[in-house]
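Two complexes follow with subunit A in common, the first pairing it with subunit B and the second with subunit C.
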Partner chain A sequence: MAQEVLIQVKDLLTQFRLDDGLLTAVNGISFEIHKGETLGIVGESGCGKSVTALSLLNLIEPPGKVAGGEILCDGVNVLKMNKRELRSFRGNQIAMVFQEPMTSLNPVFTVGNQIDEVIRIHNRVSSHEARERTIELLRLVNIPLPEQRYGEYPHQLSGGMRQRVMIAMALACNPKLLICDEPTTALDVTVQAQVLKLINKLKRQMDMAIMLITHDLAVISSIADRVIIMYAGQIVEEAIEREIFTNPLHPYTEALLKSIPSLSKNTEELYMIKGMVPNLLQRHEGCLFAPRCEYAREICRSVEPSSCLVGNTKVLCHKYMDDWEVAP
Partner chain B sequence: MSNLLEISNLKKWFPVSSRSLWGKPAYVRAVDDVSFVVKEGETMGIVGESGCGKSTLGRTILKLLQPTSGSVHFDGEDITSFSNSRMRAVRRNMQIMFQDPYASLDPRMTIANIIAEPMDTMKTVQNSEQRLDHIVELLEVCGINKAFLNRYPHEFSGGQRQRIGIARALSVMPKLIVCDEPVSALDVSIQSQIINLLVDLQRRFNLTLVFISHDLGVVEYISDRVGVMYLGKIVEIASKRELFAHPTHPYTKALLLSIPEIGSRKFEDETPILEGDIPSPINPPSGCPFHTRCPEVMPDCSQIVPELKEVGEGHLVSCIRH
Partner chain C sequence: MLKYILSRLGQAVIVLLLATIVTFVLVNVAPGDPVITMLQKRADQAQIDRVRRELGLDKPLINQYFDFLTKAIRFDFGNSYSNRIPVMQLIKQAFPVTIKLGLWSLLFAAIFGITVGTLSAVFRGTLIDKFIMLLAIFQISAPAFWFAMMLQIFFGLHLKILPVSGMSHPLWMVLPVTVLGLRYGAMSARLIRTSMLDALSQDYVRTAKAKGVADILVVMKHVLKNASIPIMTMLGGMLRSMLSGAVVVERVFGIQGMGKLAIDAVMSRDINIIQATCLYSAFLFVIINLIVDLTYGLLDPRIRITGGAK
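Up next is the complex of A and B:
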């Protein structure tokens, strides 16, 4: 596969200044998105996956702030763009589909109207041309009777249909990267299957890269090419899909995979990760996962691990560092 | 094992305003002619997509909703027409646990009072000392530090709140607990803690569970038998092993095919597994409710209402092909 880099993220640091302290939601992460690939980002709630996506679009609002790092798209730093540049960057380069299809659509405008708006902001076209293009987009995302749906309001559509409208809207300017933030979490399994198939089809047809954010490992395994596992604002493991699921290296990834009840495995007792996610308002020493990790040693609680390469997997864990065997 | 719960031809229709003043009254058929039995000590899983009536079914079983018709037998008694005051005694043996750990606990009560509320209303404890002992015991059983006794729900995380919900349901030592999506609001690592706790408590106290969920993986893990619901009806019911090894109803098959699984690239080709959305329960399709989306549909399907028929031992399917 051609590994042409589309977006490069370097040491991204996103913090929120809250009443009770400074919360580090994304803690200095670096990764790349390649052209035409599906990158999956997995993690539990509060691990910083959605904040990462919003940071990519420079959409973090106060009290939040991107406090450090760079996001490079074709050599330009997104975080340094002015308002006008950002406007053409969002939509044309990166577009985003949000989790809640009902709250992301405006209930007082027809869906056609809302997609037209996007097209007309980014291109100089007549209202007639915009309408044609919108209907074409609705057809692309498999909405039956697009001419009729064009004039309907969001409440007249089902959840799956609304999510398709959101995808159509995101596709309006042929973005190079489509970020889907939990696109199927609010949907039923059979509808989820339809949307996932649609995402796969669109990726191939339009030659886009997809960044799929979800907490559902099974969804990621079904459609991602490469996977990033996040925990408490850090990337703990990054590898191609097969590697992550057949040979997980980080203890957190391993524990996550063991704790899902799945149709194929039949275990006596489900594996449990003890304890809870750390409070990100507090300062921590050592590895953030150490209090819950079954391999943790003294060194894990005192020294912060650094990222290392094992085969083709990038992993953030002392276990794979040189000093593990001699460590106390 | 004896049957703890028997429901037959249970219906719950909700009236909705009809389009015209003289029009026929319209109903949402949330639960439409459902029958099954649950044996003592077993876990009955109910799966289905949103709007299929699984939560309404759970509430109708407990008579938190009065059934439109049909009957509910609990522990040998027909409780369908019990008055509220007679139900109070029965509810000592049937409790519920809810999906949303944030909405199901009163924010102005301490967790000690939340857990003790069922004991207080049913007067199962004599004095405050006994009450406190019992609360502490429940907290320990459910894995919450007893030092947190006088804290309020907002101080707890989702998983801990769900533990409080379990402790509350357990406080009167019921025989049956209806679990309405108890883990769907939780993260994977917390979800497995709660499932293991439920399984452990069930063994310890010989509880009977009706476990309602949309997550087939969880249901398969925890249940002995599973019923699949679609548009208010049970379309297939069988032992867990049988259902997942030999799904027979086209809807069950489609459901199993739609679940993403680790290591399977299910969504590569373009043909959808099931097309369309669930029809409105106000105007359900004639004949078989699934015929509008069924990949194996026959002309007769829109005419004949299929009944649950036995196709194997304890394996019932409602499809005219079988």
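Up next is the complex of A and C:
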């Protein structure tokens, strides 16, 4: 599958300057997003998924800073854009749906007003045309009675409806990439499934790429084309969806799979990954996952692994490096 | 919305009625006999009794109260005890002065406070923020009379471009408005900064930025409207205290406003004026709260639609 590259991220390094030190939230990651694909990004909470997403929009604010790397969208470096270029880029080329539908919409403006706004920023249209388009979008995301909803305020809608509004807003300018940051985490299980189905349907309909962020591997199964597994600000495995579920390479991916309730053999006993996520404020030697890894050897604790290719899967683990058999 | 307005109006009427009772009772239980003060102790008992009868002060308190209430509804507060001028006439002279001074000062304070408070919030932690907050603290802690006198000395006596006091010069309001406006502006700047910082840290701000909304619009549209509820509350409080009469500033600048009227009346135990100014304050309180409440409804749909469950 030789697909056209839409976004290319090279050595992205995002850090937060906090009172007790420099926190490295995203630690030099590189990946690509292809046109029209669904890329899943999975990892425990705190591993840098949201920060990666916000970095793509160059939306990291002090005390945070993108300290290094490039983000190329159609060959243009997003990190080098000036304020005006950024404004016409955000919401237009890349749009984002956030995790918290309850607080991500502005409580004092109507739903319609907030969708109109993004349309009118990026297109020269009359308020009437914007309204028509907004109602059409509300219909597209399966919101009943769109004309009536147009004039309602966020607090009058349920969580699922608000997330649909967020999606409608994100789709308003036909973005090339839609980033969904844990779009269903805050929703009821039944609503979760509906929203995921909607996202999947829209992707087909609108021919855009989707970056679906989640801490739950189960969410992306059968939706994503490719999956990136993140751990402590690094990409530890990158593979097509089927490979991740049938042939996980990294010990962390294995552990994540085991902790999906329906896949573990004994449903009464939920598998938990032992140990704690490393403190991102500290410098580490060796592999970041080593303290929690059941395969860890001496080399894992002292030498940083480098990325290697196994079949079509990229993995960051000593196990797959040449000297593993003879390693101490 | 209509239900919300009606319930607020109903509450306003009840509060006003209570205010008339409290005003009446307080004035009547306060020590000292106004008739004796009025006749300045030279009168004999017969004279005192006659004046008392004329003023209706011999009737039972409850009757006196209803007299007071029925007249008050018609804006009739009787004559001033000390100079026999109808109280309403005194108020009609003082009120326009106070309202002019108050509204200009409020406008000054609001523009100054919102601009400076917003700047401070947007540039939080920088030198701009620190400088603004330092000036604000200076403004709040310096006594009003001292600051007023410094301005009088500098602009009035030294530069001779503005009147020191009185109300005859066409520019008489400039210094008093500056003193009041800066003071209230500085107080509000701190609160506005806090409200803006709170609104700026909300998730919808990030959503707006991710949509490509310009920074300045994020602040002026998304943040300011959310921060406007505490700002309105504060402006209401400021308006109330300015319209009750800025006692210190009126005194220093020799302005014949409501503040001076009230203080003079208390000094001379002029009951009718005291009652009228108390009721005036209560009326202001109720009216301004009503206006503030109604603007809440306009600003925040959650209050408007759920009918004020806040």
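Odds and ends about this structure:
Quick note on the criterion: the second predicted complex is superposed on the first by the 315 of 328 C-alpha atoms of A that agree within 3 Å, B and C clash if a C-alpha of one lies under 4 Å from a C-alpha of the other, contacts with A are read in each partner's own complex, and residues count from 1 in each chain.
In this text, a contact is a pair of C-beta atoms (placed from the backbone, for glycine too) under 8 Å apart; a residue touches a chain by one contact, two chains touch by 3 or more.
From a predicted model like this one, the values you see are computed outputs, not experimental measurements.
Following the overlay on subunit A, a side-by-side fit with no clash is recorded for the pair subunit B and subunit C. In the superposition on chain A, A:V219 makes contact with subunit B only, while subunit C stays out of contact range. For subunit A, the partner that touches more of its residues is B, with subunit B and subunit C as the two candidates. In the superposition on chain A, A:Q194 contacts subunit B only, with no contact to subunit C.
When both complexes are overlaid on chain A, the residue A:F98 reaches subunit C alone and has no touch with subunit B.
When both complexes are overlaid on chain A, the residue A:I121 reaches subunit C alone and has no touch with subunit B. Shared-chain residue A:N106: touches subunit C; no touch with subunit B. Taking all C-alpha atoms of subunit B against all those of subunit C in the superposed arrangement, the shortest distance found is 10 Å.
Comparing the two interfaces of subunit A, the one with subunit B and the one with subunit C have no residue in common. Remark: subunit A residues 57, 59, 83, 86-92, 95-96, 98, 100, 103-110, 117-118, 121-122, 153, 155-156, 166, 169 touch subunit C in the complex. Note for the complex: subunit C touches subunit A at residues 202-204, 206-215, 222, 225-226, 299-302, 305.
Listing the residues of subunit A that touch subunit B in their complex gives 44-45, 158, 160-161, 188-194, 196-197, 199-201, 215-219, 221-223, 245-246, 255-257, 259-264, 269-273, 276.
Residues 49-50, 157, 159, 187-193, 195-196, 199, 214, 216-218, 220-222, 244, 254-275, 277-278 of subunit B are the ones that touch subunit A when the two sit in their complex.
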